[in-house]
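Following: one structure in C-alpha cells, then a few remarks.
Each chain carries a letter (A, B and C) given by its place in the written order, and its residues are counted from 1.
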Amino acid sequence: MQAGGLNVKAWIARTGHVALLTAFALFLAFPFYWMLVTAFKETTDLLNVRNNPFLFNAPPTLDNLRVLFGDTEFGIWILNTLQVGVLVVAITLLLSVPAGYALARLSGRWGHRLGIAIFLTYLVPPTILFIPFSRIISALGLQDSMWSLVLVYPSFTVPFCTWLLMGFFKTVPRDIEEAAMVDGLSRFGAFVKVVVPISSAGILTVVIFTLTLVMQEFVYGLTFITSSSHYTVSVGVPTFLVRGDVYFWGSLMGACLIVSIPIAVLYNLFVDRFVAGFTVGAVK
Amino acid sequence: MATVETRTITKRFEGHTAVDGIDLLVKEGEFLVLLGPSGCGKTTLLRMLAGLETPTSGEVVIDSRIVTRLPPRARNIAMVFQSYALYPHLSVFKNIAFPLHAVGMPRDEIRKKVEWAASMFGIERLLERKPRQLSGGERQRVALARAVVREPVVFLLDEPLSNLDAKLRTAARDELQQFQRRLGTTTIYVTHDQVEAMGLGDRIAVLNEGRMHQLGTPLEVYGDPADTFVATFIGSPPMNLIESDHVITGFRPEQYLPRAAFAADEAVHALPFVVNRVENLGADRLVYGTLEPPSPQARVISRLPSTVTVAVQPGERHEFAVRIRDLKHFDGATGLKKPGPAR
Amino acid sequence: MTAAGGAAPRVPGWLHDEQRLGTLLLAPAIVYIAALVGFPFLLAVFYSVSDATVGSRGLNFVGLRNFREIFDDPVFWRSLQNAVVFTVASQLLVLVLGKMLAMALYKDFRGKWLVRFLILLPWVAPISLGSIGWLWILDPVYSIINWLLQALRVIGPTDRLIWLGQPELAMLSVIAVNVWRLLPLATVIILAGLSSIPQDIHDAAAVDGAGFWRHLFQITIPLVMPIMLVALLFGIVFTFTDMIVIYVLTRGGPYDTTQVLASYAFFTGIMGGDLATGAAISLFLFPLLVAAAILFLTVARRAEVA
C-alpha cells in the first residue's frame, strides 16, 4: 500500500517536471525554431494567409539565403562585426587581464572594494552615455567609422571582464606563484609565465564573453554608424532589412539565425565557467 | 528506544556495489559503531537507515516496523552530519526548534523543549547566535541538541567528531558517550577512526567494500579478529602477519616481547629478528625489524612498554617471542580465521 | 628578492615592488574606464543644462530650462511610468519563472545539455535579432500566435490580435519579449545559487521532517536569496535602461504607449537632434542605478551566510 502511494506520487512529480521543462523550453526556443522554418520557406508560401504556417506548402528553398548574401550587405556586416570583435577582444584582454590580477592578488582589502566599483561602471548604461558620445565621436572625426566602436566598446567590456578575471585569478592557489618566485621569477614574471597559462580557461571564457557582448551591442552601433556598408550585423539587420512596408521575412529570419546559432554554440561551452567566475566574485 | 535491523540490504550505484547484502541487528539502547576505511559503504548504509537513500534490495526495520520505503521524517530518527548541516540563516534557537515546527508543535512547548535540549549540552547562552558565529565544538553541540529535541528512537551519527581538532576530540568523545548512556537511545555511529570506535562502541561492525567482516564487542574484534582485514585494520600499529605454507600467523606488537619478559615456564613461540629501527614514543617503544630464518623474512613490529627496559639498538639481533595462546591463525587463501586452538 | 647568480632574468627593481606593480597593472584599465565612462557621464550632465544640438558648434549654459521643459512634456511622464511598469512586471515574472526553471534544472537528467542549450538561446542571440524574430511572430497579418488561436478556436477566423498595434497588447508583448530574453540569465544565476547549497542541509531538513513547501520557503529560498537579488539587480538595470526591445518592436508606439525613458531619450536626442533634452531625459536613469549599486553592495557584504 505504501509502495503504491509513493509510486503514483513519484510519477506525478516526474510528469510535472517534464511538462514544466517542455513548456519553458518551448517558450524560450520556439522563436529560433520559427526563424529556421521561415528562413527556408518560399516567400509566396509565407505570405499566403490561407496556408498552414507549420507546413512547407512549397518545397523548402535556399532563395532567401541567396538574397541575403547576394543582394544585401549582410556578408559585409558580418565581416565588420568580426573585425570590431577581434580588436575589442585584444584591447579588453590587454587592459583587464593585468587589472584583474592586480585586484585579485595585490590589493588587499581595498582591492575587493575597488573591484566592485569597477564592476559597477558596467551598470552605467549606453543609453545615458550615447548622447555625449555622439558628440565626442564626431569631434574625433570617427563618425561612421568602425574605429568609433573599437574605441567605445571596451568601456563596457573592460569593467565586466576585469571582474570576471578577478574571480578567476583568485582561484589560482597562491602556492604556485610563490613556488615560482622561490624559483627565481619576479612577481610579474610569475604572473606572466605561471598564472596566465594556468588561467587559460578563464581567459578563454572572457574572450568568448567579450565577443558575444560585441556582437550583441546595438545602441552605440546605431548612434555612431550611418552608412549601410559600415554597419555591424546587430544594427544592420534591423535598420536596413526592416524598412518600408515590405519585409523580406525569409531573408530576415535567415540573417537572425545565422548570427545567433554560432554564438549560442560557443557560449554554451563556456557558460558554466562564466557563471562560476561571475558568482565567485559576487558572493565571496 | 528501539531496535534497528537491516535484512540483506544492498545498494548498487552505476556499476559499483556500495553495500553488499548486510544483515545487521542493533539492540535496544546499544551504541553501535560502523567502522571501516573510506568507501567501505558505511555512510551509504547509514543513509539508507535514515531514508536518504533507497536500498536496491533488502529491508530496513526500525522498532519492528518495516520502514524501507518511508521518507526520513516518517521514521522517528535523528541524524547528526559530519558537517553538522546547521541552517546558516537561522539562529541556534531556530535551528533546534526547526524539527518541532515541522510537526506543528505549539510555540510554548517548543520553547520548553529547546531550552531543555540546549541545557543538556550547555549551550543556553548561544541560543540567539548564528552558526557562523560559533566555534566547531559549539556547532557540534547545536547539531546534537537539534537531534535530541525530538526525542527520536534512533540516533544516526555520521563522523560527527572528525571536523574537530584533536584535543577537542577526546573531550567530545567522552561527553558523547556520557550523553548516550544518560538518554539510553539506540545509536548508530559511523567512523573510520578505529580508536574512536574502540572507545565508544558497545559493539563494532567492521565494514570493507560493502561487506561486514565482523560484528562484535571491542574486545572481540581486537582480541579475536574474524579475518586478516579486521586484524590489520584494528590496532595501531597493525597486527603482525606472517605467511608460511598457506597459513597466516598473526600476533599483536604488544604481544611480541623479549623472551625474558615472559615467565620461564610460559609456552612461547620464539621468533628471533634483527632490529631495523626504534621509535621512542615515551610511554612505549616501537621496534621495527625483520624476522630471522627459519621464519620467513617478514617485517615485524614490537611494542615495548616503558616497563620493559631491555636495551634495543638497530642492527642487533634479539630473541623475542609470543605466547602460544596469543597466536592467531588465518587461512592463507581466504584470510579468514582458522577455528580451533592455536598449536 | 634578488636574482640568484647570473641565470635568473634581470628585471628592473620596480617590478618586484608589489605595491607599485599593482598600481601599474591596474592603471590602464582604470584610466580607460574613467575616460570612457566617467568623462562622458559628466558630459551628459553638462549637456543636460545646456542648449546643445547635433548641429550646434558652441554650447550655452541654460540652467534647468531643459528639465522644466521635459516636466511639462506628457510623453516624458508617460515614458517614466512605462519604464517602471515595464521593469516591475518583467522582473517579477523573471524572478518567479526563473526560480521555477532553476529548480526544474537542478537535478541531472538525460538530455539536460540539450535543454540547457535551448534555454540559453534567447540570451546569447543578439537582442536586436531575437526581437526581430518576435516581430515576425507578432506580425499583425502573419502572426503564428494568431494562427494558433484561430486553429484552436479561441478567437474567430476573422479576428486578429494586433499584438504590437493595440496599446495594452503592445505593452504586454514588449514585457513578454523582455522576460523571454532575461529569463535564461536569471535561471542560470539562480541555478548556481541553488547548487551552492550543500546537500547536507537538504538532508538535514528531510530528516528534521520538513515537507515540500516548508523546505522550499524556509530553507531553500532564504539560502538562495542573496543570489536571487543579484539576478534581480541585473534584470532591473538591463530592463529599465533598455531601448532595444522597444525600438525594434514598436518604436515606442502606438502613440508613445510603450515609450520608455531610454527610447524617448534616443528619439529626442539622436533622431531629433536635440542633444540637451535627450541628455536630460536619460539622466533620469541614473538614480535607479545608484539605488541598484547600493543594493548590490549590501548584498555583497551580507553574502556570507555559511
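One rule holds in what follows: a residue touches a chain if its C-beta (ideal position, glycine included) is under 8 Å from a C-beta of that chain, and two chains touch if they have at least 3 such contacts.
The model shown is predicted, which means the values in this text are computed figures rather than measured ones.
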Label-sorted list of chains bordering both chain A and chain B is C
Where are there more C-beta contacts: A-C or B-C?
A-C
So how far apart, in whole Å, are chain B and chain C when each is placed at the average of its C-alpha atoms?
55
Taking each chain's mean CA coordinate, chain A and chain C are separated, in whole Å, by 14
Chain C touches which residues of chain A in the complex?
17, 20-21, 24-25, 27-29, 31-32, 34-35, 38, 46-47, 49, 53, 94-96, 98-99, 101-103, 105-107, 111, 114, 116, 118, 120-121, 123-136, 151-152, 154-155, 158-159, 162, 181, 184-189, 212, 215-216, 218-219, 222-223, 233-235, 237-238, 242, 249, 252-253, 255-256, 259-260, 263-264, 267-268, 271, 275-276, 278-279, 282-284
Which of the residues in chain C end up touching chain A in this complex?
1, 3-4, 7-9, 11, 15-16, 18-19, 21-26, 28-30, 32-33, 36-38, 40-41, 43-44, 46-47, 52, 54, 97, 100-101, 104-105, 115-122, 124-137, 141-142, 144, 147, 180, 183-184, 188-189, 191-193, 196, 226-227, 230, 237, 241-244, 247-248, 261-262, 265-266, 269-270, 275, 278-279, 282-283, 285-286, 289, 292-293, 296-297, 299-300, 303
What residues on chain C touch chain B, complex-wise?
198, 200-201, 203-211, 214, 218-219, 222-223, 304-306
Show which residues of chain B lie in contact with chain C when the two form their complex.
47, 50-52, 71-73, 77-79, 81-83, 85-89, 98-99, 101-103, 132, 146, 150
